[in-house]
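There are two complexes below, and they share chain A, which is joined by chain B in the first and by chain C in the second.
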Partner chain A sequence: MAQNEKVLMKGNEAIAESAIRAGCRFFFGYPITPQTELAAYMSKRMPKVEGTYLQAESEVAAINMVYGAAAAGARVMTSSSSPGISLKSEGVSYIAGADLPCLIVNIERGGPGLGSIQPSQSDYWQATRALGHGDYHMVVYAPATVQEMADLSYKAFDVADKYRTPVMILGDGMLGQMMEPVSLPEPRTELPEKPWATTGHRGQREHNVANSLYLSAEELERTNFERFERYDIIKREEALSEEVDCDDADIIVVAFGASSRIARSAVKEARKQGIKAGLFRPITLWPFPVEALAATVGHAKAYLTVEMNMGQMVEDVRLVVEGRAPVEFYGRTGGVIPTPDEVLEQIRAIDERLGE
Partner chain B sequence: MAEQTETLKYERPKSLLPVVTNYCPGCAHGTVNRLVAEVIDELGIEGTTIGVSPVGCSVMMYQFFGCDFVEAAHGRAPAVATGLKRVNPDNIVFAYQGDGDLASIGMAETIHAATRGEQITVIFINNAIYGMTGGQMAPTSLPNQVTQTSPYGRDVATAGYPVRVCELLSSLDGVAYLERVTVDTPAHIRQAKKAIRKAFQNQVDGIGYSLVEVVATCPTNWGMTPQDSFEWMRENMLPYYPLGVYRDVVAEGFADAAEAAAARAADCPIASQGGAR
Partner chain C sequence: MEELRVVFAGFGGQGLLFAGKVVANAGLIDGREVSWLPSYGPEMRGGTANCSVTLSDEPIGSPLIMNPNVLVAMNQPSLVKFEEAVVPGAKVFADTSLVNRLPQREDIEVFAHPATELAEDAGLKGLANIVLVGKVLKETALCSRETMEAAIRKAVPARKAQMVENNLQALELGFNL
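Coming up: the complex of A and B.
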């Protein structure tokens, strides 16, 4: 397929096809709605590219198969939805602790517990703060279109290999199941060397060990320090965001993923009505695009975060704004999707307060 | 005077590193680690072998062996081994697990790796207790056995019965070879080595999933001398966990586990369709 030829695909399928084009040949997963299309696509495609699709006995087993395949040097991924990601959290902690690269896709649904199967963004904290135990982060991408689901999945494997870290695509049931035209990336022909992989020493080197256990407290501390030095580089190099009409905006709406699509419509309508509104869209949720958002503090008079949860990213926005402007929140949760009109109403209310 | 010649009869296996292990005196892990290393040496596979160490007393195995190693989370060694083997089918991948790891927290991974017929080798140490955490009741602790968490003896009315792993796995079609051995006497150690060698050779030959269960002791947490613990093991564990071969598809006349599974399902039309792996 030529680079610019567009095809109509579901977001879940675009992630899968793009991952294969990034050189991913191993997929381990377990069925769960609303990410089903991703695994189904992989089960169809992997045998055609001499890859492996394996339906594991559980999410726990799937992520540990990812751990083994990543240690063996392969580009490997798993996908799930919110409750399944909770089960994977143990394995992700071990993968991070052993400095192994992989891709984890979360097509979020409403929670807590079994929750709903409708779209949600209520795993923001889980993804950026607390997926598994211990001091660690992973890079988290929040695509907002099917095209971005393809592009960021492709990029995710490079970033994972470069920094030897798990990377997450945080989508939701709306993005995963909607169809949009997408231009798919060119298949990778060369992949990075992995001299650290456990592939057998063949008498050519010392043994390689993939491990997260350090009985010496000082040694464990040293590995954590080293990992956080890498995180500093990731924060400097990998933060991504998009700005729409932020330069002269009085009111900046901050939203990611599906809710940013709704916020974009609301901001456009607000401009039509003479309100100087803009949209700031974090594309990486970790690292949070601190610098880019901080640059808007000073001219923006107020911020409004719009999320499909009870208010999670709003805390990161407040950490950046540091009380220099009001940061308000509007959210729907449990699988309810906010409408552009609802968001516009919030923008108008803030505008009125600013005028007082 | 006649020239004296020295013949080396016993030395450290090459695939064991010259390091001190963390195993207690009298513990079977040391013996079994050595047997695994001897087999790796004899088969000449150290350069292509990947070990997967568990959580438990053998957690530090990656420091004792010269081959590549991956340290797994508690119970997850069969899943990690699956990932390793699927990526590099030419590697020899073995998981080494204790009873809590394999038969309690990792039972799902154990059963499903076996039923998928993963081409891996599993060495299972059954000493009827959690050693590393200080002697709690294990899934294989015997009825009425006193442990830290069954201080009045394992009451089967509340704690249930022990799991017999070889018997349990023997019903699964993916399995090629299951044998239960022990290492209390030179004769038993020789038999254990034969079994471990077969479990590795099966993987080299692509015959199917192989597991060797070693009935073992834990003098430290049983609160006995090594000699007394072997005596207790012979008296109590071997009647509950009889030694022997529980599955051997080759001895049954099949080329591999897949052929044995096909024969068993011969009357099932859909299962008998061609194209199976």
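Coming up: the complex of A and C.
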């Protein structure tokens, strides 16, 4: 990707600008803290690129507008924060069932319910296990910097089109609100062909259908089988992760997004104190980077997952580690952000237990 | 260079987030790692507001500053809130137009100036924030004068370009305190 001059931007704004550069010309949303800057940015920018910004009457309306624009072959997105994403879940299931590409951004806040407006990661299960009913997955990216928010939003549209699937950017209030220097990607000049799109053709071809209703059980089963074959390819091709000092680590801290930044500081400090700690950071939450994490299982003596929730990703870590090493958890929830000192204390406690 | 962890704290409307943005832009111009994080919670609605700005030569972990080495306090509750959190040796800048009780700690340096009144007297109403940035610039190794002036030009939005000159004057005023 070309390196353009760095500018200071909020994570929310970087996602918006990057999406426009990826060719997104339709944004349908509804305001909610801490995501609102994204919609506000779109409301200013979309008219200037001959795109459409529409504040819908509700989240349910917004996601169904996304459904329509995606069916017509447009690059389209919506964004919200936790409670708003729950409202969109029915529509996301329809979009997945109709095999349509789109981007959904969740800038998480504390839950459950209306919760708080502070940063949280408590929608991990919702994002990775299925946002909405039925047999389906979405690709879920978990950026940890404003630069990654830009880069992954840009990439998300390509991945969505390639596999005909909704893709989610899972951020949180901290990443959405913070500013960092960011180098924005070059605007796309060519977009992939979408021969399946439900565009007008004046009777020149067989008509295309975007639909998730199948009255025949066998036919629906066939579409689900086909979709899961695509998921197998996604699992093989699209998993992403980052490792910091994992090669010789006794204790590997597993963390994503905002909490990975805090874990990174703690791991660095632990190394200074002579503890062999490392950081494993999943960048895709689905597909979970199973192979990369499994490769550390031989030498790591213990794992610690750090999350801004009551312990959700820890289950995926345990599925990979399969009982071959202890997997512990530390989290803060409700919108409280853990401190590097708290995480360091956990690492030190595990180190002491390993020494016994 | 030393990592700078600056917290600007005060009432909403005093330009704390903007002051933070100016410092963040200075870091950007100098090619350093930068993070800027505002408080956006319920405190934004009428109470205290603050923002965390980190300038570093290494990738920044948490953008939320727990232990500032520079604190700019523009009201009494903010000073009370962060007084204990600052590290020994920290530099604390207090706007004594709104702060009447200064920290008692002896392991920190306190710079006390009635920035709000000074700004008003100089015809720069509402620019106490930048007056204090000027003082911070003088007392810390934040960046050069030229960098800070360029940062102000960058941080002032195009639609308010006429404000650049006043901001530069406020910076000058603070620098000469």
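The rule is simple: the second predicted complex is superposed on the first by the 353 of 356 C-alpha atoms of A that agree within 3 Å, B and C clash if a C-alpha of one lies under 4 Å from a C-alpha of the other, contacts with A are read in each partner's own complex, and residues count from 1 in each chain.
The criterion applied here is as follows: a contact is a pair of C-beta atoms (placed from the backbone, for glycine too) under 8 Å apart; a residue touches a chain by one contact, two chains touch by 3 or more.
Given the structure is predicted, the values throughout are model-derived calculations rather than measurements.
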Joint occupancy of chain A by chain B and chain C, clash or fit: fit
Applying the touch criterion given at the start, work out whether A:208 contacts chain B, chain C, both or neither, answering first, second, both or neither. first
Arrangement angle, chain B at one end, chain C at the other, chain A at the vertex (C-alpha, nearest 10°): 110
Contacts of A:61 with chain B and chain C, given as first, second, both or neither: first
Go through the superposed model and pick first if A:70 touches only chain B, second if only chain C, both, or neither. first
Quick one: is A:109 in contact with chain B, with chain C, with both, or with neither? Answer first, second, both or neither. neither
Once the structures are superposed on A, label A:262 by its partner contacts, choosing first (chain B), second (chain C), both or neither. second
Touching A:177, do we find chain B (first), chain C (second), both, or neither? second
First (chain B), second (chain C), both or neither: which does A:340 touch? second
As a test of reading the superposition: which chain, chain B or chain C, is in touch with more residues of chain A? B
Please give the least Cα distance, whole angstrom, that chain B and chain C reach in the superposed model. 21
Once the two structures are superposed, pull the chain A residues common to the chain B and chain C interfaces. none
Report the residues of chain C in contact with chain A in the complex, numbered from low to high. 21, 24-25, 28, 33-38, 40-42, 59-64, 66
Note: in the complex, chain A contacts chain B through residues 26, 28, 52, 54, 56-58, 60-62, 64-74, 76, 90-91, 94, 98, 198-204, 207-213
In their shared complex, chain A is touched by residues of chain B numbered 46-50, 52, 59-60, 62, 65-73, 76, 79-88, 91, 108-109, 111-112
In their shared complex, at which residues does chain A touch chain C? 6-8, 33-34, 116-118, 173-174, 177-181, 261-262, 264-266, 268, 335, 337, 339-341
